[in-house]
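What follows is a pair of complexes built around chain A, which joins chain B in one and chain C in the other.
What follows is the complex of A and B.
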């Protein structure tokens, strides 16, 4: 895609996002209050961080299905650090992210070396990590003691009225990952293997390094999502985040990340995330039953994908060389 | 040209009128219940139990002049927390909150946010965690500890009376891991049978007969010659266990005694004798009673210390008047495994079929 086409694509998706936002803002007062927008941003953090990570693997034409289980495991691990080792909240989060990043990198390395399809491999880690989370939590929810809950308040505190620490971390992560993919060699390698593995290899790109980097980012961001969320909630559930994978992939798809890899932008993921958040928060805020959320998200996703395909088909027809006239 | 312009103008007017009408229609309910709005946070009503609980709550709210606004999220606590923050950000006038976290322990910080509003918060369905007392006004729902104790006592009685099985070793099949009601019940059951029965294994399963069968078909075959009883936390799980036992050549009710802790789904395994008994925990009545508890608090502003069990009368439901207690429990009366017991059952004017078959 040319730069102009990418710009137009993001603009189309941004238009859709604004439409969804305005549609709900007409009926839900919190949608146009500063506090309400802050809550919307805050509520997007877990899916946003995870979606960004899984989006990077999708850009590399891979797929990390283990993100939900990894987030749950890192949540448990982080709270175990806080309760058992009595470390500070921030230190525990950082430790959790490092562990998740290392696990992600190792996962990427094994996939690159063995050549196992990442879908197949990460199904294994999805199941295994969930088991590990149950084991490490003793099959129970791990809690920060009630008397220490006040220490978690910094994650709910307002920053400049409209942000919180988690939402700023999420926005920072989006900016950093976008810059990494655009301006660094390692980042460009991730995009290159997604655009065409054979061509990338021929051009001297290290497939192994790109895979390690993509899965390390995905793992670290899933870990960050799990750690921040669990510290903020004051608890970690070994069976938590079971719907996270689906929501994160949905945000990516609405944002224009192609399942076959190599196409999409970090900005697109952010727009897709906000569209999803506005929709889910809006349906929930109207007091509609849960199935309405499923119906709304499913419908939106289908509309986006059909529109995307139609545009692509129209374009390919338009670009096709005219038949010679005899 | 003029005709075309007129048609366009008419079309625009029609679209605007339709949009205005739709807007008014959608906004009207929000305006109508501004004074008596009760916000209910719950897991999704795609679960039959939760759907029945919501129906009871909604009906009682309407009868008492409130509008119950349900905010459902996935079973993920971070989603429920996002919904709480969104609701609080709206700053809408609210009479009180009803809080049902899917994972009880995981909802404490969201509960803190609700409690900081100064509005009453009624904790629903799962026994609140120790140490969180300052965060909620009252609990309304089932007493999980008493429920499991009754189930254990029914099992011990059936063991004493059985001429075909000598109760010794057995299994506990619980609600999902992390669901505190399941852990509370398992703990209470173990304490009641301690020294009388031996627990071979305790295994989390879920809520449905499929969950019960899936777990049963894994844990029963290796111990099929030892297992003499199975405690399940609801009758759907019990049905799955009955099927798994049958597949390994056991006759439930004769070789192995299966007890269902809570009525859930159809009663065929109960009336056929495959399950030795259950308890009626009506989801509809639980929702109804939860709303009544909030209403009574709003009327009196008083919460008495201690626990109160609503009386298990056949016809008369509890009064809407009077002070509430810190813990307000619905009754969960035991029911034996006979057709007469099932068909003759009445609680607050409802039959067992009406309360359990969802």
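What follows is the complex of A and C.
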């Protein structure tokens, strides 16, 4: 792919996003109000942060399925910090994120050393972490005491009328991760092991380091999503975030992150996220029954995937004679 | 001038499964010299350099650099020990830019990589290898194989290493590009760096090397000064025997034409292909990576689409579109990627040998154990595979035995044409002669074999008719008797210097 092709790809996806948005905005007046947009953005935070993390592992040609359970566990852990150690809200969230990041790094290291397929390995952690979340919470929902609830209000305040603090955090995370992948050695190594594992190894890239980095990012972002959302809500249930994994992966796929690794952009994930959000918000805004949301998201995903496959096949047929064949 | 040993390897052994790649090899490299490694395919050259590059670890034996014993556990370790390596298989990540590829795994001052900084860093190296006009910020996947190879050499230069390894760097390059690479190698040696240069081209050895180490069948000989060497001597020590002892006699008489290609156009070939193969004939395609020979074979196998022209069997146009249809027509295809396409590594030999022929062993759709066993045993016997090994997993066999299984399973469908890519890749010398004999026996029964190989001796020794390929064009089609090894090598490497018969 050339830069131009990547740009065109993101543009097409952005076009689709705008189409979805405009389509619903025609029928739902609140969609194009400032508050409507603010609500849409705010509602995208959990999926956005998690999708960004899982997207990084997908770019490294790996897959972190543990994100949903990790978010639930970190939600519980963060609230335990607040309740037990009586630390401030922000401190508790930071602690939660650090723990999630360390867990992710360890998970990446083990996967790199053992060479176990990350899909398989993280099915294990997906189930195990859920158990740990139940254990840490005593199988009950953990709540922030009523008298401290006002300390969490800052998460619902809005900046400039559109942005809540969580949505600013999410946008910040997207910018940081994009810059990380674009401008740093470690980021390039993550892309390198995704675009050509053996080639990268032969070039002297440390597969271990790149895996640790990718899974640490994924873990930390899932933890951030879980911590922010539970603190904002004032409660954490150990069985929460059960549909998060699929939504996060959907955002990545709509955004053009390839399962085989190396291909895709952070901008794409953001566009995919908003497309998904506009669609889900729109369907529910129209008052359609819940099953319509699933049907709509599923259909959109399949349409996007089929479209990108057809474009690629057309292109490869067109390019075929020039390609060296071995 | 006295030059000390920079790198010394003592009794190094390395096996891959049951294939012994190196049986106790000694090797040394002096400071500031160019050491050429020569030998047949599978003689152990590439294995040796992979050990030095940290891509594989020796089973036993020692490696010393500058007198200190070292363990090279990964390419990173080797880099830190001052070793840079250009592999035979490319190590370019296609989804990264040229500049990023060059800097990958190396040292760039500061943690932040911007396009402009990287471009400034890599520009001089790109110019050294003749890629001054390539945009460092373009994606490496968009470059030709030859240019990607040059990018790798640029990367090696940027490493500022003491020991540089080039494993057949010129295989995919044109004469002009080869001159650039050889120039770079000479320059490096004059700067006092040591170069290990693996090649098949004897001419290059005499042009740039100081000494030569010859490999034969997993062992190495003492290094020889190039100045004291002549070509005859070189070839004899490389082979250790005369060519004709390896290969069965050629066909005395050929049957009727069975397959003909008329103006066939396929992706990977620049000009249309016209050729014919007869019953009882072994047709050998010679050429290097990207020469197009595979593309023709895969088109006949129904794997690559036919863009134009026709494939005819027994005079009738068939133009099948998928491997299933090819098999129906009696065309069997044996890929060069044995592990991936040739065998079911995790299944036993019985299942492997009968996999092409499930209809025959499953009356009414249910596999009959008795018929399965009988069919497998019959094929095993024919291919000299030990019956008592039929229950072992195919992946546990030696390369030679795997190849016999990969070939043998097709005989079950009684094909009339057998397509074989790289018939003896990863097969030790002893088993090779056996595979050649099996192929010849098949043609004596009326089969036609079309094979392609990057091993020129193999093509020349085994085939009745030889076709040489260079960069998507056929250079020459002739009887094997009418061409010798030097001419064949010229055809597949730089046919520009061959006046007659060159396709325009």
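Everything that follows uses one rule, which is that the second predicted complex is superposed on the first by the 321 of 326 C-alpha atoms of A that agree within 3 Å, B and C clash if a C-alpha of one lies under 4 Å from a C-alpha of the other, contacts with A are read in each partner's own complex, and residues count from 1 in each chain.
Operating definition for what follows: a residue touches a chain if its C-beta (ideal position, glycine included) is under 8 Å from a C-beta of that chain, and two chains touch if they have at least 3 such contacts.
What you see is a predicted model, and the numbers here were worked out from it, not measured in a lab.
> Mind checking chain B and chain C on superposed chain A, clash or fit?
Here chain B and chain C can both sit on chain A without a clash.
> Contacts for A:117 in the overlay, against chain B (first) and chain C (second): which applies, first, second, both or neither?
neither
> So, does A:202 touch the first partner chain B, the second partner chain C, both, or neither?
It touches chain C, and chain B stays clear.
> Considering only C-alpha centres, what angle arises at chain A between the directions to chain B and chain C, nearest 10 degrees?
Seen from the centre of chain A, the opening angle is 130 degrees.
> Considering only the touch criterion stated at the top, classify A:242 as touching first (chain B), second (chain C), both, or neither.
first
> Quick one: chain B or chain C, who's touching more of chain A?
B
> Considering only the touch criterion stated at the top, classify A:3 as touching first (chain B), second (chain C), both, or neither.
The answer is second: A:3 touches chain C but not chain B.
> State whether A:313 touches chain B only (first), chain C only (second), both chains, or neither.
It touches nothing on chain B or chain C.
> So in the superposed three-chain picture, is A:91 touching just chain B, just chain C, both, or none of them (first/second/both/neither)?
A:91 contacts neither chain B nor chain C.
> Which partner does A:291 contact after superposing on A: first (chain B), second (chain C), both, neither?
After superposing on A, A:291 lies in contact with chain B but is clear of chain C.
> Which value in Å is the smallest Cα separation between chain B and chain C when the structures are fitted on chain A?
So the smallest C-alpha gap separating chain B from chain C comes to 35 Å.
> Taking the complex as given, what residues does chain B use to touch chain A?
My answer: residues 23, 26-27, 30, 44-46, 69-79, 81-83, 85-92, 103-110, 112-113, 129, 131-132, 176-178, 180, 183, 204.
> Contact residues on chain A for chain B in the complex?
Answer in residue numbers: 26-30, 33, 35-36, 38-40, 42-43, 46, 134, 137, 139-141, 143, 145-147, 149, 152, 156, 229, 232-244, 281, 284-287, 289-291, 293.
> Show me the residue ranges of chain C that touch chain A in the complex, using the header's touch definition.
Against chain A, the touching part of chain C is residues 53, 55, 74-76, 78-79, 85, 87, 89-96, 100-101, 103-106, 108, 111-114, 137-139, 141-142, 144-145, 155, 266-268, 289-290, 292, 294-295, 298, 304-305, 307.
> Quick one: in the complex, what on chain A touches chain C?
Residues of chain A touching chain C: 1-3, 183-186, 188-189, 191-192, 194-196, 198-206, 262-263, 320-321, 323-326.
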